[in-house]
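Two complexes come next, and they have one chain in common, chain A, joined by chain B in the first and chain C in the second.
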Partner chain A sequence: MSEFIDRAVVEQVARLARIHLSEQQLDASSKQLGEILNYVGQLERVTLPDDVEPFFGAIESVNAIRADEVNSSVDRDSILSNAPDSDGEFYSVPPVF
Partner chain B sequence: MNSVNESAKEARARVGFDQVTVVIGMEVHVQLATQSKLFCSCSTQFGAPPNTQTCEVCTGMPGSLPVINNQALQLAIKTGLALNCEIARSTKWDRKNYFYPDLPKGYQISQFDKPICGKGYLDIADANGAFEPRRVRLERAHLEEDAGKSIHDESSRGGNSKIDLNRTGTPLLEIVTKPDMRSAAEARAFLTELKLILVYIGVSDCNMQQGSLRCDGNINLHIEFGGQTIATPIVEIKNLNSFRAAERSLTYEARRQFDLWQQCGLTIDDSPKQTRGWNDAQQVTTMQREKEESADYRYFPDPDLIAVSTSEEEIAAIEEQIDRLPAIWREHLSEVYNLKPYDADVIVSQGRGLVDYFREVADQCGDSRIASNWIGQEVLRYLNESGLEIDRYPVAPRQMAELLKRVVSNQLEQTRAKEVLNEMVASQLSVAAAIEKLGIKAVDHDELKSICQQLIDEHPEVAKQIQDGNIKAVGRLVGKARKLNPNANPGLVKDMILKFLGI
Partner chain C sequence: MEISNLGASELVSHLSAGHLTAVDCIQYFLQRIEQTNQSLNAFVNISDTALQRAREIDARRASGKPVGPLAGLPIAVKDGICTSGLKTTAGSKMLEQFVPPYDATIVRRLIDADGIVIGKTNMDEFAMGSSTEHSHFGAVKNPWSLDRVPGGSSGGSAACVAADMSPVAIGSDTGGSIRQPASFCGITGLKPTYGRVSRYGLIAFASSLDQIGPMTRTAKDSALILSVIAGHDVKDSTSAKNDVPDFTRSLEKPLTGVRIGICREHFDEGLDPEVESCVREATKVLESLGAATCEIHLPHTPYAVATYYVVAPCEASSNLARYDGVRYTYRAAATDLEQMYCQTRAAGFGDEVKQRIMLGTYALSSGYYDAFYLKASRVRRMIKHDYDQAFGEVDLILGPTSPTTAFSIGEHSHNPLAMYLADIYTVSANLAGVPAISIPAGISASGLPIGLQLQARSFDEGALLQAAHQFQSVTGWHATKPPLYQGPQT
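This part shows the complex of A and B:
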């Protein structure tokens, strides 16, 4: 497996993540992402017995659940103050269409 | 080349719409009836002032952690059981990544490869036999969180969009069918039956105006042509906001795809899935702008959430809570109460409340046909006009049964009984009080005799017609009897006059 991942793939991932990468950054990411994937890829070479179930998270416990109860929400002024722009009631964003 | 194309086009033009199989699959989003959101304790109450029901979790603030709402899980499992689905013993959460202003986290928490409900089915039929009964297979039903609401500037001056995140994080169950429906009418029947079941088991209010039930339809055509079956490109029609819109848009779309195929011959191999919207004003589907690379959601397991496992005991306990479903009630009303399938459906499709009302009235008055007629006509008319549910209907089942008993025993004639019912509805009176208020008195045998004799004496020409064989003419005398005494029972008057005339 090559050390690098295809630049076209890096460009596509950057586009999906809405990140702009310079030429230099594309080269660097192509190498760094390749190294990460190769490192993790070692796991694929491990032979497992057939009856091992897939493992989806780093925590082994299950069922952290909560009862269906309403607690007070965050005050609107305070939550809207995190937004770049608002009219006091709504978030205001550049037109979508 | 041109002539080859031309002849292919001519051949397509000779194909009739009856050689076409319409193939439809539905995706339905149902808002589950929880008090709080799927992963936080903000309220799900509809109609609150914008952005007053949000918190760090549902707006995706760094460092906040989602925790699953147990009731959402329970309602999802209950729905799955009612829809004959396999229930996952272990289910997990995945992030569906995309950017949109009403999705503050930049991803939606959903379920990708281990949905809470797996394969199931829903049987549909038409009480009037408009189509053959059909089993619609369900692919899956998974839990996910809703997005917020965007309000766009409609002035076309390019003003900013406004975002309300109150709805963000509300629990949705997305139910996906296999492409098993073969007409727009079947799709509508599926939606109607699905909604009925969801309301019967109380997992959602299914209020379409408030967005508690939203549906998308996938449709294409299979056409027998040149000895093989050709499939047209699949179109997804988004955001159908009523069942009528669903039926009309699918009907329109089937025809549009057929016309387009006859013109251009495009098949499923020539074109990717297309998204269209339904324009209700113009009754057409229109092309929607594709989101760039929209299909690439890069699902991956949400590291903030852990798997949920469900035990056999929990599933059995939820199953216990499911009472009889609409299909079982239809059967029950047909078999136990002898109703025709259509009449049973009229009652069952109004919801569980009317089924119980009917059973109580039928049991107490002893005549289920009369109970079904009166409820199907008088009661439903009132409910439709007033927009009320049966639990707010002013006449209690016991009173309705009392009234119908008098109809069954001929103490009250139909027209008079309807007047009594109207009085009971208007003044909330008992049957006896309403009868008294209207001054209805039973007409005794002697008085009935004298009325009939008087009518024959005053109208010898009619009497003669009747004796000459024109039995129908008796109707004119019956009408006049009502004027002499509004309480005279028309059936009894008719019989007595005929008897007097020796017929």
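This part shows the complex of A and C:
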């Protein structure tokens, strides 16, 4: 596998991740991602029996269910106190378009 | 009384017996922080209510009212764990101004036990790193040698305990972030079983791997803290309902009949010979205490780091999507919503965090999912299977915590992959969910601590703490302090 990831792919990934990268950062990322992907690419060469199921989490429990009761939670004012911008009731954001 | 020589358990005894007030205890450590933090950068924020809390506890005790099991004990908390009303940044510019409106469950439990949160410790941004160089608030220095890293990501927690700035620190461990810094700083660090300790209020990095645990001088102190923080929490549906024993009760049990497996794959190429000989010596000590040792295999160990560096970034890319400029304090200037997301994340995250989000986004994207995330999760199943097999034969697995002693600041800054390989012996425990501990087992010729790692079956932290305590009963490495920080000069 190449040590570099194609610039167009890096740009697409940055777009998906909603991170603006400068031209210089795109170049650096193309190299660093390439190196890491090259390293983790060794997983492709591990041969596993077909019946090996993926292990997604260290506790394979069934759904955790609790009684559907109303409990007190953190109040809106304290939550909104961390908002960059709000009208006291909702989060405010710049225009969508 | 010479507080500097006392661990958490001894402090609690003296506080309880009235030999020491909570105020004197807190004042001592606040003074230590003031003297030392400028050179180490271990704390990012000091509590301004700790002394008040100490006064309240002293008053309560004096009036004969009941106090909790940790009454008056100072506790440093990693800055990725939410503390109500006390800034919690996760080492990131993104959360530089974030003041949580609630306590993490473990913080609540420590406070309910009358422990006192003394401050928040520095860390790699969002716990991504093995050196605590990737903090928005600057690198933490190793108390044993100021040009070395303390390990990471809980580097501030490890350094503050090693330098006698707090008898206890809380860390979090996603791939070794408690154990590797404990090893580099010469302290004891325990990663409990996945699910043993509630993650509610831990700022998420990789949710299937993250676990909170104690960092202390001794195993006995870790047992004390784990007994308080462990247990099911309705606010974390992945927290386990298993009974929580008093972990301090089984420490004195002799090691006779305990079977310890020496993992062959942990002694392969890349291991510093000095670390190896130290771990071999420690093995003899455990044998002399009655443990039986044999060689075992964890054959998928060579793939653990690659598996981890797919799984963890995938989970991180999803967890960190919430930092978009809407809810969590930081927002970059922008004229529309899309631009706000992209600019906020560009300016709010550091390079290593961006790199891992990119890696995870790539590995989860259409066309790559099967080759990366799915394949890594299948290899993860084999890594877990290796442990299941091994624990059919032995009770504990022994090896080095890290292949080297603390490396120099900046040594790996242009080679992230070399940094990732520092986690080679620690990531498997997170992938499989088993508990593991790092304890001091020696000092290198250049004067740096060497750590020994023990791993156990899920929910058998008792066995880890027992073996670690027995080892510490006949060795003195855990009591050896960095020459620079041996407490107040007399």
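FYI, the second predicted complex is superposed on the first by the 82 of 97 C-alpha atoms of A that agree within 3 Å, B and C clash if a C-alpha of one lies under 4 Å from a C-alpha of the other, contacts with A are read in each partner's own complex, and residues count from 1 in each chain.
We adopt the following convention: a residue touches a chain if its C-beta (ideal position, glycine included) is under 8 Å from a C-beta of that chain, and two chains touch if they have at least 3 such contacts.
As the structure is a computational prediction, the values presented were derived from the model and not from experiment.
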Chain B versus chain C as contact partner of A:R18, first or second or both or neither: both
Comparing the two partners chain B and chain C, which touches a greater set of residues in chain A: C
First, second, both or neither for A:F56, with chain B first and chain C second: both
Partner chain in contact with A:D68 - chain B first, chain C second, else both or neither: first
First (chain B), second (chain C), both or neither touched by A:E35: second
Partner chain(s) touched by A:I79 [first = chain B, second = chain C, both, neither]: both
Which of chain B and chain C A:P94 touches, first, second, both or neither: both
Doubly contacted residues of chain A, that is, touched by chain B and again by chain C: 16, 18, 56-59, 61, 64, 66, 74, 79, 82, 85, 91, 93-97
Contact footprint of chain B on chain A as seen in their complex: 12, 15-16, 18, 56-59, 61-71, 73-74, 76, 79-80, 82, 85, 87, 89-97
Residue ranges of chain A in contact with chain C within the complex: 5, 9-10, 13-14, 16-21, 25, 29, 32-33, 35-37, 39-40, 42-44, 46, 48, 52-59, 61, 64, 66, 74-75, 78-79, 81-85, 91, 93-97
Complex contacts: residues of chain C adjacent to chain A: 97-99, 101-102, 194-195, 207-209, 234, 237-238, 240, 300, 303, 305-307, 309-310, 317, 321, 324-331, 334-343, 345-346, 349, 354-355, 357-359, 361-362, 365, 371-372, 374-382, 384, 416-417, 420, 430-433
Of all residues in chain B, those that touch chain A in their complex: 34-36, 41-43, 49-56, 59, 61, 67-73, 90, 92, 97, 99-101, 150-153, 158-165, 289, 293, 296, 298, 301, 303, 305-309
